[in-house]
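Some structures are shown below for you to check.
Below are two complexes that have chain A in common, paired first with chain B and then with chain C.
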Partner chain A sequence: MSTASLNGEALLSLFTNGYRNLKQNAETVDALNVFPIPDGDTGKNMSMTWLGGLENSSTEEVSIEKMAKAFSKGTLLAARGNSGVILSQFVRGLMNGMKGHESITPEDFVLAMESGYTKAYSAVSVPTEGTMLTVMRETADSLKNNYDPFADFELLFDEAVKEMKKSLMNTPNLLACLKEAGVVDSGGAGLLYLFEGMQMALHGEMLDGNEQSKEAPEEFFTPDSIRKAMKKSHAKYAVVAAASGTGMIEYFKSVGVSAVIDGGQTNNPSAKAFVDAFYAVDADHIIVLPNDGNIVLTAKQAAKIFDGDVHVIETKSMAEGYSAMSMADFSLPTVEEVIEEMTYYLPNVTTAYITTATRDAQINGVDVKEGAYVGLTDDILSCSSDITEATIKMFAAIPEIEDKQVTCIFYGKGISKEDAIAMGDTLQKAYPLMEFGYIEGSMEVYSYMFAIE
Partner chain B sequence: MSKYVIIPDSGSDLTKDLRERFDIPEILRGVLYYPDGHSELADIDWETMTPEQFYDSMKGRSALYRTACAPGEEIIEKYERWLKQGYDIISPVLSTALSATYDDCKQVAKDLLAKYPERKITVVDSLRYSTSLALLVAGAAVKRQEGASYDEVVEYLETEKTKIHEIGAMDDLYFLVKKGRISNFKAFFGTKIGLNILADFNEGGLSEPIGKLKGKKDAFDAIVEYMDKIAVNPSEQIIFVAHSNRLDQAKLLADRIKERFNPKELILSDIGVSCGANIGPGMCAVFFKGEPVSKGMEKEKAAMDEIIAKLKEKK
Partner chain C sequence: MSNFAILADSTVDLTPDYLEKYDVDYAPMNYTIEDKEYPALLDWSIHSSKQFYDFMRNGVIIKTTQVPVNVYEEKFEQYLKEGRDVLYISCSSALSGSIHTATTVAKDLMEKYPDRTIRCVDSLISSLGQASLVIEASNERAAGKDINEVADHIEAIRLTRNQFATVDSLEYLKRCGRVSAASAFFGNFFGIHPLIISDKIGQNYAIRKIKGARNVIPELAEETAKAAINPEEQTLYISHADSEDQAIALRDAIFEKAKFKDCYISTIGPIVGASVGPGTIIAFVIGNEVTIQGGAS
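Presenting the complex of A and B:
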């Protein structure tokens, strides 16, 4: 096929296929969206904008000028989001290039693209390079300056798509936030999908409007290996923590602990386990959370053995470790400042547990019965066959409990989230101003652990 | 002197009561995409759902709403309605840091002025959003009600916008982070139970965390102290306290502010759908005027550091 000129009807059919291609790839475009606002809606916004143009155009309009006018008006009205507004302005400029024509040649189209990007640039108060603007400008300029006049639209779109892709792949080199996120520009990608759809139409490949979304091409994203390497070379701080209970281990990982050593009261980890972890995390400054009174010394020992900057925050329970991580801010410039933040609430943390008594005893004035629930901090504070009663009594016996503001409830093996929330609701009645949160700790020894701050 | 109207966008979270009171006849409504994918113009007066329903639907981070700036046809319709009647327009809109509304309105204004060459439209990039924009608009509206000219009101908006501060507590940063509405967010991981992120606006108009404290009691202590350091003549100001589904907390905070500063007026308002979709439930903040935000927020950060250090000493 060779298409030497396009009238309104023909161009609209290209635009329709462009829309379908964009729509099928809209999720990819959304996923690329990090600039200017990383809200993952570029694909949706561009599709909606383009659709506005299609809906405002008549499929029977032969004059390209009239079709262009209607399409442009439609996109301007439907424009959504930054990408949509820029796209609609590009269309506006593009369509200005069709004024006075019943049909257009490839050369007219190249000139119209130039008019398109000029309009788009002028619509943005602060044009940023490395975005859709760059992609439209570089493509149009290259088509105009580096090629002989195109004999037909097939040739033009084949080259346009190539140029556009080249420009798109270069966007991370122009805009730092793209490079950081390991993506190409989302708006530029959206534009490429539109043009690619038009190219397909010219080659007789009309897309089905109802086709499913497509998978994202890997080339638009920095490979994982490179991203990891980039991350690693920037690891200024790392936290190594000891924890026991699958839920607790997962929790610490989820809040940014780089290495969790499986160990606690019943299976104290070795200094070697810590040293191995220090090597593995490979950071300038390593912060250690032993999370158990019996592990503090081991961690300190490991810190001495290891040739590097290691700081041990003497957390004596996982609840204290939780408090430290909940305040951690790794954007601070010095490790001293990071530690200062992490230890801000530590003197205020009370760690309390509910567990089961293994034998009868009389401790701290509490009559403990084998098999009953025991509430304890450093001392045994309560005992009851009823878990709620044991908990309430324990809370009541904690000094200065009225000054505490926040309690995180870690629930152990055999306790469901619903059980934990019911416990929290009961406690809420006794302490109406306190805030409660829940984390699945899956601890083996304790039914509950409370971090009371 | 020619007649003029002030037309902000729905990012200003101006409730019906406030629009009537401040004589704001129109709001440019942004688009709200519902979790099921359909979209509507923002329901600015809670006609189709209550604030509780809206914020409850976002609980557990289950539903994600999306927003987009007011569509061209909405801007054209609202502007043209007043141009036709011979009014000039001042349109203070959402920060360009967050939305394309400003560029969009400028474009529409340019097109419409070709049709109405004798009229004026000034679109103002407020560098603010939500209740802070409401506070700015309220100030401009008071000026207008006092008889200020078109140019005086435009100048007021331009000079006062960077003086607007917020200080608030936020239970959950999830939505703000997810929607890119907060600066310097990399510092914070995951849900933090009972942790309040205290934020003010930076020079670019984005909320930026400047401190964090656990528990509402500590947070409210810090908020009041921060206002004491940053606000200029709070007793002569209209001060807003706004919340997203935290009415009880907002009332407590409002009482503490009234008690401490005795402002000219304290307006308690809620965050509407346009901003609420990006903020999520759990915000409680006060909005007031101070000096223009300092470079790199140095002054604001130093003030908060001092407050947090003092709170620690007390413990």
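Presenting the complex of A and C:
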């Protein structure tokens, strides 16, 4: 096939196929959406905008000027979201290029694309490069300047799609937030899908509009491994924490601790383990959470040995480590400020545990029976053969418990989430103003650990 | 006497009596509940504020869209036909793309009406922060300033509006991507309430965390009172998402720390409301120019 000119009807059929291709890939476009507002709706907004153009156009309109006018008006009215508004302005400029024509040549189309991006740029008060705007401009300029006049639309669209893709793949180099997120620009990708659909139509491949969503092409996303490596080499801050219990280790990793050293009461880690972790995280400033009174000194020792900026926050329990992480804000400019936030509520944290007594004893006025549940903070506060009673009594014995506002319940090995929630519900009745949260800690030694703040 | 029209949009959160008092019009954005689209009106004549926030409390997802092209065309042209210029003071461009559409429409209409002026000013804030700029513009107009003087003035002072907000749940802000902070900031923690400012590019930025619900009002009041310059000469603005008790408690806590001329409290409209969720309270005062800029936008 060789299409040397397009009239209104023919262009509308290309646009229709463009729409179908965009719609099938709308989820990919949504997933790429990080700029300017990462609300994941670029694909939807662009499709709805383009559909407005299609719905406002007559399939029987032969004059390209008249078809263009109707299509452009339709997209302007249907435009939604930033990407839709920019697309509608591109269409408007593109369609201005059809003025005075009954049908157009490939040359006319290239000039119209130039008019399209000019209009789109003027619609945005501060045009940002690395977006759909760049993809429009680079494609149009390259088609105009780097090629001989195109003999037919098939050749034009084959080259247009190639140029557009090249420009799209370069967007992360122009816009930092795309690079950080490991994606290409979403609006640019939407535009590519429109043009690709038009190219397919020219080669006789018409989509039927009912086909299923396609999977996202990998090339639009930086593989996780590369993204992680990129991030790691630029880390400004990293947190190294000691923790014990598989759940606790996973938990600290999930909230942003870069390296967790398996340690704790029965298995104190060495200074070397810390130093190795400092090397591994490779950050400008390292913050250490020892999370156990017996590990603080080791962590400090390691900080001295290591040739780098290491700060030890003397957390004496994993509950204190939790409190520190919950307040952390790694967007602050200096490590001193980060530490100030992390330590802000630390003096208010009470760490309490429920464990099992290993022998009979009389401690702190509490009668402890071997095998019974013991509630303790720094002191033993309660003992009962019933775990709930031991917990309630322990809470009642904590000084200033009425002033505490939030308790995070870490439940240990052998305790189910349902058990933990039932315990929280019982505590809630005694402390109606307190907020409770639950985390599976899978600690070996303790049935429960409470971070009471 | 200047007679240009002042136009805001649905995020200005002024009650109808104030819109009338200051002779301010607004261009509605839209919100969608279960695939049905409604204009976001400030008189709550479609859904009451209670109904609206109850939808959100019950998990209904409310989507919002910017001011449509034809709405701007109609609003602008209505005044141009009367021979009046139009000053449009928009919602922050970091929260809505509306101003881009408005700018394009304005450009076209000024070709059609070469003797008329439309000025589109990005307020870089929303809710009653935007309202306080709109009211200042109205007062300047009443003092006889022309449209360009007023528009330039608003552009020059817009960053003096300091916002201090907190939300009940971060889910809404996260869902629509409208809060800037590292993801780990909002990890799996309990009892954390963010203190959210409007930064120098007009995006909501969680600047600090407050732990414990009972600490929220005192800390918010502290920050707000501290930021206000000459509070005795200004109105304290507080908006809330169906949480008037909290708004009043915040006003009282701020009044204990600083003496303001008066206080205006209103309900957060459907557009800002849909992105912050029920229980949100926001205080606005005039303070130093905002210089902080959040992370990735």
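We adopt the following convention: the second predicted complex is superposed on the first by the 443 of 453 C-alpha atoms of A that agree within 3 Å, B and C clash if a C-alpha of one lies under 4 Å from a C-alpha of the other, contacts with A are read in each partner's own complex, and residues count from 1 in each chain.
Just so we're on the same page, a residue touches a chain if its C-beta (ideal position, glycine included) is under 8 Å from a C-beta of that chain, and two chains touch if they have at least 3 such contacts.
Remember, it's a predicted structure, so these values are computed and weren't measured experimentally.
Visitor: Quick one: on chain A, after the overlay, do chain B and chain C clash, or do they fit? Just give me the call.
Guide: clash
Visitor: Between chain B (first) and chain C (second), which does A:Cys177 come into contact with in this model arrangement: first, second, both, or neither?
Guide: Only chain C is touched by A:Cys177; chain B is not.
Visitor: Given the touch rule stated above, what does A:Phe436 touch, chain B (first), chain C (second), both, or neither?
Guide: both
Visitor: Just to be sure I read the superposition right, which of the two partners does A:Pro347 touch: chain B = first, chain C = second, or both, or neither?
Guide: After superposing on A, A:Pro347 lies in contact with chain B but is clear of chain C.
Visitor: By the touch definition at the top of the document, which applies to A:Gly256: first (chain B), second (chain C), both, or neither?
Guide: both
Visitor: Jot down the residues of chain A that show up as touching in both complexes, chain B in one and chain C in the other.
Guide: Shared contact residues on chain A (touching chain B in one complex, chain C in the other): 36-39, 76-77, 79-82, 85, 89, 123-125, 254-256, 325-331, 345, 405-408, 433, 435-437, 439, 453.
Visitor: Spell out the residues on chain A that touch chain B in their complex, using ranges where they run on.
Guide: 36-39, 41, 44-45, 76-82, 84-85, 88-89, 123-126, 254-256, 325-332, 344-345, 347-348, 405-408, 433, 435-437, 439, 453
Visitor: Can you check the complex and tell me which residues of chain C touch chain A?
Guide: 65-66, 68-70, 93-95, 97, 99-101, 103-104, 107, 122, 176-178, 181-182, 184-185, 187-192, 208-209, 211-215, 294-297
Visitor: Quick check: in the complex, which residue numbers of chain B touch chain A?
Guide: That would be residues 31, 33, 66, 68-69, 71-73, 76, 96-100, 102-104, 106-107, 125, 178-181, 184, 186-195, 212, 214-218, 278, 308, 312, 315 of chain B.
Visitor: In their complex, what parts of chain A are in touch with chain C?
Guide: Touching chain C: residues 34-40, 76-77, 79-82, 85, 89, 122-125, 176-177, 180, 251, 254-256, 322, 325-331, 341, 345, 405-408, 433, 435-437, 439, 453 of chain A.
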